[in-house]
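Should a chain be cited, it is by its letter among A, B, C and D, assigned in written order, with residues numbered from 1 in that chain.
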Amino acid sequence: MAKRKKDSFSDFGLGEKSSSEGYRALNKDGSFNIEKINIPFFERLNFFHTLVTMKWSHFFGFIILGYFIVNLFFATIYALIGVENLTGTRGMTPFEQFMEAFFFSAQTITTLGYGRVAPLGLPANIVAATESLLGLLSFALATGLLYGRFSKPVSKIKYSDKAVIAPYHDINGFMFRLINPQKNELLDVEVNVSVSMKRKNSELRDFHILELERDKVRFFPSMWTIVHPIDANSPLFNLDERSYYAKDFEFIVMLKAFDESSGQMVYSRSSYKPEEIEWGQKFVYAAQRLNGKTTIDVSRINESEAAQLN
Amino acid sequence: MAKRKKDSFSDFGLGEKSSSEGYRALNKDGSFNIEKINIPFFERLNFFHTLVTMKWSHFFGFIILGYFIVNLFFATIYALIGVENLTGTRGMTPFEQFMEAFFFSAQTITTLGYGRVAPLGLPANIVAATESLLGLLSFALATGLLYGRFSKPVSKIKYSDKAVIAPYHDINGFMFRLINPQKNELLDVEVNVSVSMKRKNSELRDFHILELERDKVRFFPSMWTIVHPIDANSPLFNLDERSYYAKDFEFIVMLKAFDESSGQMVYSRSSYKPEEIEWGQKFVYAAQRLNGKTTIDVSRINESEAAQLN
Amino acid sequence: MAKRKKDSFSDFGLGEKSSSEGYRALNKDGSFNIEKINIPFFERLNFFHTLVTMKWSHFFGFIILGYFIVNLFFATIYALIGVENLTGTRGMTPFEQFMEAFFFSAQTITTLGYGRVAPLGLPANIVAATESLLGLLSFALATGLLYGRFSKPVSKIKYSDKAVIAPYHDINGFMFRLINPQKNELLDVEVNVSVSMKRKNSELRDFHILELERDKVRFFPSMWTIVHPIDANSPLFNLDERSYYAKDFEFIVMLKAFDESSGQMVYSRSSYKPEEIEWGQKFVYAAQRLNGKTTIDVSRINESEAAQLN
Amino acid sequence: MAKRKKDSFSDFGLGEKSSSEGYRALNKDGSFNIEKINIPFFERLNFFHTLVTMKWSHFFGFIILGYFIVNLFFATIYALIGVENLTGTRGMTPFEQFMEAFFFSAQTITTLGYGRVAPLGLPANIVAATESLLGLLSFALATGLLYGRFSKPVSKIKYSDKAVIAPYHDINGFMFRLINPQKNELLDVEVNVSVSMKRKNSELRDFHILELERDKVRFFPSMWTIVHPIDANSPLFNLDERSYYAKDFEFIVMLKAFDESSGQMVYSRSSYKPEEIEWGQKFVYAAQRLNGKTTIDVSRINESEAAQLN
């Protein structure tokens, strides 16, 4: 039984067969290169999630368009009921009257209620009372959406654009760097790196977890160089740059941390392909003491210099 | 002591005696077939939880009805105080006057306040000031309820309708599939499967955890086939289909994951009964490469083909 | 070193000396019988926590009082500026004018704004604009407070009023029962029981964790009997009822679970003193099959019957 | 491989070289003495986080200033459109008219809408309808910000100002005290203490975790004395006070707990430098029994008395 049981890491649930040619399963921004199709609409639908994760421009477009359409709708109703049921209107032409109804609707749904124009009689009053309730509920929803959008803990972990193969003690190591550019403190940070590679003469791919020099830190106030020492136990042992391409390596990075400012866990993912790995380079030290304070120059995260490999 | 200590899994806290006949303890939708009775009202009551989990139609019905009743209530008070204490009313008949009071109340509780009708004198002003405060608080509550309803992390994990007994390496396995049809990423996904069965010549039921080929994945972007290998250690070892019915098997599935979009843990449950298990079938591969992207056809989650059992 | 290191459980951080006489450290409702004094005001202060945890009656009292006082304050300002700067006032006497100002303030702070009375001139307008902003912010705060009050996950776990010493296999056990009377599902429930007792001829108290037959369940849909088997390893071994009083036992129960409806962890605590323990009683089975559904009679949680101890 | 792998604790990710001279890496208030520079603006930016963590005075200043500027902006637009498009204005001079526009804007953005002044004609109505929508959205944002500010779980753990080297059984110990001065219950509290010290004749610093007498408690209702026994395995073994300065010790404390009132994890950090350590002192017992209740005198957290070291 034991040898059939696999280690608990990600082969993306695709089985070993899925990603057989040279392509990227995990994009650099952490999204997956996998698309689900033929999902029944109501299983896929998640109204709140969609509105919380869409782009800001789309979100505001959605709100403004909605505001316009709803007012158009209610203006039509007021016009059908008859503008004479709205006191104080001064519009003469049908267009002017419709505009009065339109702006009366806007003043009602926002609960602004100037009162220059006000409903008179049962029908207009019923519609106005309904519209103002709808306005309050829509606004309640907007409050929730805005809060949801803003409070969603977003880890903006910055990874070095490239990884390097650099000397490490008396062997070499696979290394990359990361930093949290924001002010929120990340705590209990865990990093996990695995590599996916083509199996020889086969369509299948194998997945290996890479042992790290350190995979967990309690604090993460500065830049952190992740190191996988390429020793005899490493799946990278004795492989040269050409083999990385031949085996179509994909290094998969996953980070998990507690975000102190939101009180929630945040996750971050990235990946490295062979063309993003530099051989015989080592990262340059980016910390400096200035007036008793340590400063980290974030812009130097990708800076490296030549280094003789072991 | 050691042998008396039980493994920590679920027998539903019913003791071993509870579910002795052929019935389902856990429904397919993850709810339990267990009802608690004679709970004192105030221990059972959870106002917020009720309003957050009730159906949308009931929720809006509740709000609209509440809005109507509260306005009726305040309209009555204004009518009792006397409509002459509301300026600008034009109603002649008592009904028209009550309607004026009713819509004035609606304009007050929503803080719309057109002002065509406005309170005059101490009593009407006190009621109106109270009503507008009540309106703001109610609306604050509605905001919270709507946010609570929408932000509640709901895992809509889709399980294959049936499980299969399929060949697995040189033995057979108990298998089913699952997928997350939504766009939110699930991470650190853990699955636990146990089986409950009737004890021979007894009313009691036994519970066993099933060893899985893999019970944890870091990412879950695609379809995942859960496999319990039926080897010599399995409680299913050497049992045929008829025994599954005779022992009245119930397979209980529990899934736990971190939902990246909400930043919270989500749980999902399901179950399989013998009539939902197909023998000598294996699931069909549902992933495909299209233009360098892997696509998963979610609609094929239940698709299987005949397979010779070992 | 090893023998100096203590197990990680609670002696309430009081050191071994604190609770030397017959008294209760943990109340039945889960609160601690410990008071902190001389805390600097600003360290103790937690405005939001206070308003979220105070009783509903106090909370509404606070809001209504605040509403009244703020309006009084602004009415005074408007009166000082001069009621002639509010259009539409009809008050003649100073009292009537102050009332007009008071209700104008209420209409402003709730953003109701009927407009029968409206500010005129710079000073009155500045105050009104300020007041309406203050109103919006106060209301924003009230929204947050109401949401905070309602969404706070409250576990209302119900413990049996008494514990029992009952036969358990060929020995005896210390047992009590618990149930979740509410509809929200509790998952991954962990229970921890420890006992605190007076040391012989000493003021000190010792703390022991009690081994449980089962200390964790995945689901908790029904009633759960917690069992500590009193075997040779138990600190209760060979003790009779009188010793429980002599040693001034306090059984301390702590429960931890994931609340599916709120997506958060919930904790619950309770305790048993010797006078709440019945000897030679066992709990009566409270589950029943009705129309294919298991029903749990919550009202029978305390029901027990005589049982011969081993 | 094994000996190259480091323990998973914090050296601040600076590598061993970073903090080579006598300075403090972690401030007493838990912030880090590390500054990140040259961060691209959009990576650093976190609008919500900034507004949620800024000081209250800055937060209210931001809101009031924003309110003023937005009204100024809209007043200008109304003035450009022409004040004759606002009914009911009484201003004569351009300044008075601009003021009318300004306060009309304030009444619109807060959805107050007295209606003494109201928009007339298409342009003014379009601007007013837009402004009231903007007002609602801004207010929705303010609600979220206020909720975010208040609900953010803030652990105000109070540490003793000094640590002591005190007798502990037959050896000595490094000790400090902590207490939670607030009413919210902290549960499952974990403490971790490490020490950073200069390496001999080197710029490098070493980090060591200190073994604690107890590093975890289930409850934390009172004062807790953290004890590191200085035995033969301790990095502090046989060091005198002068060595603490020579090696430029920094004791780093990290606390992690579940905050029952917010349902979230909270973290707290502090540090001790040699000048904050008193030798041959022990903390005074601060708990007392009063009327059957244990009282903890928080103000005595720093109180210690002379004690003969072993």
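Here is the rule we go by: contacts are C-beta pairs under 8 Å (C-beta built on N, C-alpha and C of every residue); 3 or more make two chains touch, one makes a residue touch a chain.
Since this is a predicted model, take the numbers as computed values, not measurements.
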Of A-B and B-D, whichever chain pair has more C-beta contact pairs: A-B
Equivalent interface positions on chain C and chain D, same or different at half: different
Cα-centroid distance, chain B relative to chain D, in whole angstrom: 36
Centre-of-Cα separation between chain B and chain A, whole angstrom: 25
Residues within chain D bordering two or more other chains: 111-115, 143, 147, 264
Footprint of chain A on chain D - complex, ascending: 1, 4-6, 8-10, 12-15, 17-21, 23, 25, 32-40, 43-44, 46-50, 52-53, 87, 108, 111-115, 118-120, 122, 125, 128-129, 132-133, 135-137, 140-141, 143-145, 147-148, 152-153, 192, 254, 256, 262, 264-267, 269
Chain C contact footprint on chain D (complex, rising order): 63-64, 67, 71, 90, 99, 103, 106-107, 110-116, 139, 142-143, 146-147, 150-151, 154, 156, 158, 169, 179, 181-185, 187-188, 211, 213-225, 229, 231, 233, 258, 260-261, 263-264, 285, 287, 289-290, 292-300
Residues of chain A touching chain C in the complex: 111, 113-115, 143
